[in-house]
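The two complexes that follow have chain A in common; it is paired with chain B in the first and with chain C in the second.
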Partner chain A sequence: MGRQYEIPIGAQHISLLEPLHFKFTTENEKIVKTDANVYYVHRGIEQACCSKFKFRQVSFVVGRVCGLCSISHTTAYSQVAEKLLKIEIPLRAKYLRMLVIELDRIHSHLLCLSHVAENSGFEALFMKTMQYREFSMELLEAVCGNRIQYDFSIVGGVARDLKPQVAQSIMERLKKFVPQLDELMDIYKNNWTLSLKNKGAGAITKEDAMRLNVVGPFARAAGLAVDVRNETEDLLPWKEVGFEMVTETTGDVYARNIVRLRELYVSIRIIENIINGLPESALITETKAFPDGEATVRLEAPRGELFYYAKGNKTQVLERLKIKAPTFSNVAAMTEAFTGNEYGSAPAIIASYDPCLSCTAR
Partner chain B sequence: MKTFLKTIGNVFKKPVTTKYPFEKTFIPDDYRGLIGFDENLCIWCRRCEMVCPPGAIVFSQDMEGKQTYHFNRAVCIYCGECVRACPKEGAIFQTAEPAPCALKAENINNGWNKLYTDALASRELYAAEKKRKAAEKAAADKMAAAKKEEENKTGIDPDIIAG
Partner chain C sequence: MNLASYRKKSPWILHYNAGGCNGCDIEILACLSPKYDIERFGMINTGNPKQSDILLVTGPVTKRSRERLVEIYAQMPEPKVVIACGACASTGGVFRGMYNCEGGIDQYIPVDVYVCGCGTRPEQIIDGVVQALGILETKTKELEESVRLKKETVKEGKQINRRNIADQVKPAMI
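Coming up: the complex of A and B.
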């Protein structure tokens, strides 16, 4: 047995996007044990939502939980508040919510892919992916009026309508994006240099994924078919707009890349279907009721299942709001999947988890 | 190899980035920009202040009851909730103009906090003054009514006595 060394990564590290701390116990460059500390950015948002803000304002507060999946948080909160108010939102609002969630998924997945490329040492591919990602940011800006904080879902519906010329530009830009996505798919799939860092790294088996309750593309890369879009139909009609499950089998960094890229094709199809069949109706259901009772909501964010629980007591301020972010579910599997890998491939593996610590610590 | 050739090809392509301060960036027509306010249309219901999530709008009130609108562009999150809540169309509206940066001279943090608390205090002061005036008026009215009654009584009394 060789000597064991403890090497930390984080909380500030050149290859980390987020304030995340991993402590690796290594033996001859091989990782044998990992400890994770994820609570560096606790902001007390849950407490603020239950004390300082009224329930209609909370949908803007939870949008600030995460910059990348802002729309998933606001939509999940709006849905849970609508359950407490016992109202049904108009069909057009549902479709517009799905549209923005899918546009958001495109930009989030491309960001993750670009960082995997960067952390694997492929700087040019990082630039290329970021270049192709820009169109989705501009489309989100055109739809929601802002690049990052969309504030699109509000309690009872959506804040803005989709203009016909914006819908047309979305279709045009998506048509342009498909060949670019083919090109990215080709590089991520067939590039030999990238495969050295990605194939076989950070692998997790299907049994382990199931045991450790993995969600999102992380789970789907291991062959575990979990996707909230496949399971719930009551709040957003995902299957109606052509959702399709994407799974791979190997469970390594390469498989996660491919799952994300293939999900982009599904997202593009969903967006096209939504725009082609956008129903005409009002945008918002007005109500003067106060939230009462308890409710839970699950929603598929770009990183996996997002869970919201809320409890109201017939006043303006909620009694309890609980947010369980997808990265929190994945932390156990994250530490597990490092075992047996080289220390040098750790940054690429971390990036491939797509960790979102501001979601996790809130 | 294919990627390598593409990389060489990129040398001869135009850059995709824009030279921002010299060139204009992409801003959509209905960008969520600065919040505008029309004093002539406002009905002073203060609903925008009530719904504003970060508290970027506040109304102060002088002793005559005239309200003044204050807005902080650095606190505002440009969600447009105030525009949706406004019962009078056009009194508060969202423009497509991006907010300019805050300058140190404007003292936008501490100055705003002070302004906010002062505005709330001014309203409380006015409410207290109004309440005091109302109480005074009520007392005066009561006094006047009592006096009148007394007069009436005294007016009737001689007849009763005479009777």
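Coming up: the complex of A and C.
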């Protein structure tokens, strides 16, 4: 039995993109207990959405909840507002939304993978992954007009059409990206140095994942087949465009990396299917109605299940808007999965959770 | 040892998110990546405030992060330059007026360069950082200037006293 030491990490730390505070209780370098403090970036967006902004403006505000998955937030809000307005959006708008969500997933997953590599101490792999990620940012700029914060989904449809030249360039760039992804897959799977840091670190069992209500790649790495794309068909036709569930069994950092990389293959296939079979129709459904009643929407963001609840009262301003972000569901499991690991591998484990705290704190 | 040239040729960056949406943060990360490669200016992202020259802040200041922001700023050694990255760090942006937000970081710490845009493009960030390098140089010069030469000399009787040069000049007794 050694003495117990308390080691804090955060709120400002080189391995953290956002303010996040963990307090580890360690014993002989092993973590025995973890406290998490995630609410540094609470801004009060929900309250402002119900008082300051009209319901058509809110889709631009909720995009600023999180810069990494802003399209998921805008799409989820647009869907919930369309439910309140009781309108059906055109089919082309649905397909374009799915296209941008999947492009966003590619850039988000590659960012997370590069961050894991950096925090594991593999700087060269960080550079390589970031280099391969740039194509997705360029494509998002071509499709939506901005590298980040693309306000693509609006209430009733989408803001922009996909030009044929852009669609062609997406197909060309994806063809170039597939061999690069194979290369990354090879490194993340077979590199011996990386496996020392990643294999067995931050593991969580399937039962624990089920009990602690884990979502997203974190759950899928533990063998839990949860994906909103597999469950809902009413709002976005995911199975029509070739969605496939990806699961691993071990539940450690290595498994999370592999789940993310394999999901990229699925995303590439989905994007190719969407562009090949893009239906012709209008982009937006116009309506002069006001939101009324209650509605909920679930959507698969890059980090897991995103949940929106809204309540309208036949005025321009919503009565209530509730956002439940994927990382909020994962916080309990995040603190649990540290137990028994070396303190030195904590940064890599934090990065592998892919925590998005501006989503969580709103 | 020429400290000034080291500072100009390899300024180290400290990045702090004071409640932003991650958008500008990932663009700062993209600046470090091979396409934009901010390291050609000698810049390295460091996590230690005591080793850094340039503070890159993103996000409107939330009430919980403002103490950390001021603390980090106070820990950085002089000369230092602060860059406000993005619309919300400069003015509060879309978050201005929300109940847990202050509008912009310049209410708490002095800002030298404002970078606009939501979100900022990597080119803009690099441009802002290069501007900050010029400011860092002038700040270094100001810091290294002799204070004693600027002050007026002290007259004691018929003699000029240069030893207690920092003392206040006494009013003449007539």
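The working rule: the second predicted complex is superposed on the first by the 362 of 362 C-alpha atoms of A that agree within 3 Å, B and C clash if a C-alpha of one lies under 4 Å from a C-alpha of the other, contacts with A are read in each partner's own complex, and residues count from 1 in each chain.
We take it that a residue touches a chain if its C-beta (ideal position, glycine included) is under 8 Å from a C-beta of that chain, and two chains touch if they have at least 3 such contacts.
Because the structure is a prediction, the values reported are computed rather than measured.
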Which superposed partner A:189 touches (first chain B, second chain C, both, neither): neither
Per-residue contact with chain A, leading partner among chain C and chain B: C
Touching partner for A:211 - first (chain B), second (chain C), both, neither: neither
First (chain B), second (chain C), both or neither touched by A:142: first
Partner chain(s) touched by A:163 [first = chain B, second = chain C, both, neither]: first
Partner chain(s) touched by A:56 [first = chain B, second = chain C, both, neither]: first
Partner chain in contact with A:124 - chain B first, chain C second, else both or neither: first
Partner chain in contact with A:133 - chain B first, chain C second, else both or neither: second
Doubly contacted residues of chain A, that is, touched by chain B and again by chain C: 60-61, 131, 134, 146, 149
Contacting residues of chain A [partner chain C, same complex]: 11-15, 17-19, 39-45, 47-48, 52, 60-61, 64-68, 70, 111, 114, 127, 130-131, 133-134, 137, 146-149, 356, 358
Chain A residues touching chain B - in the complex, by the definition given at the top: 53, 56-57, 60-61, 124, 131, 134, 138, 141-142, 144-146, 149, 151, 154, 159-160, 163, 166, 187, 191
Residues of chain B defined as touching chain A within the complex: 3, 7, 16, 26-28, 30-32, 51-54, 77-81, 84
Of all residues in chain C, those that touch chain A in their complex: 16-27, 29-30, 32-35, 45-49, 59-60, 62, 64-65, 68, 72, 88, 93-95, 97-101, 118-119, 121-122
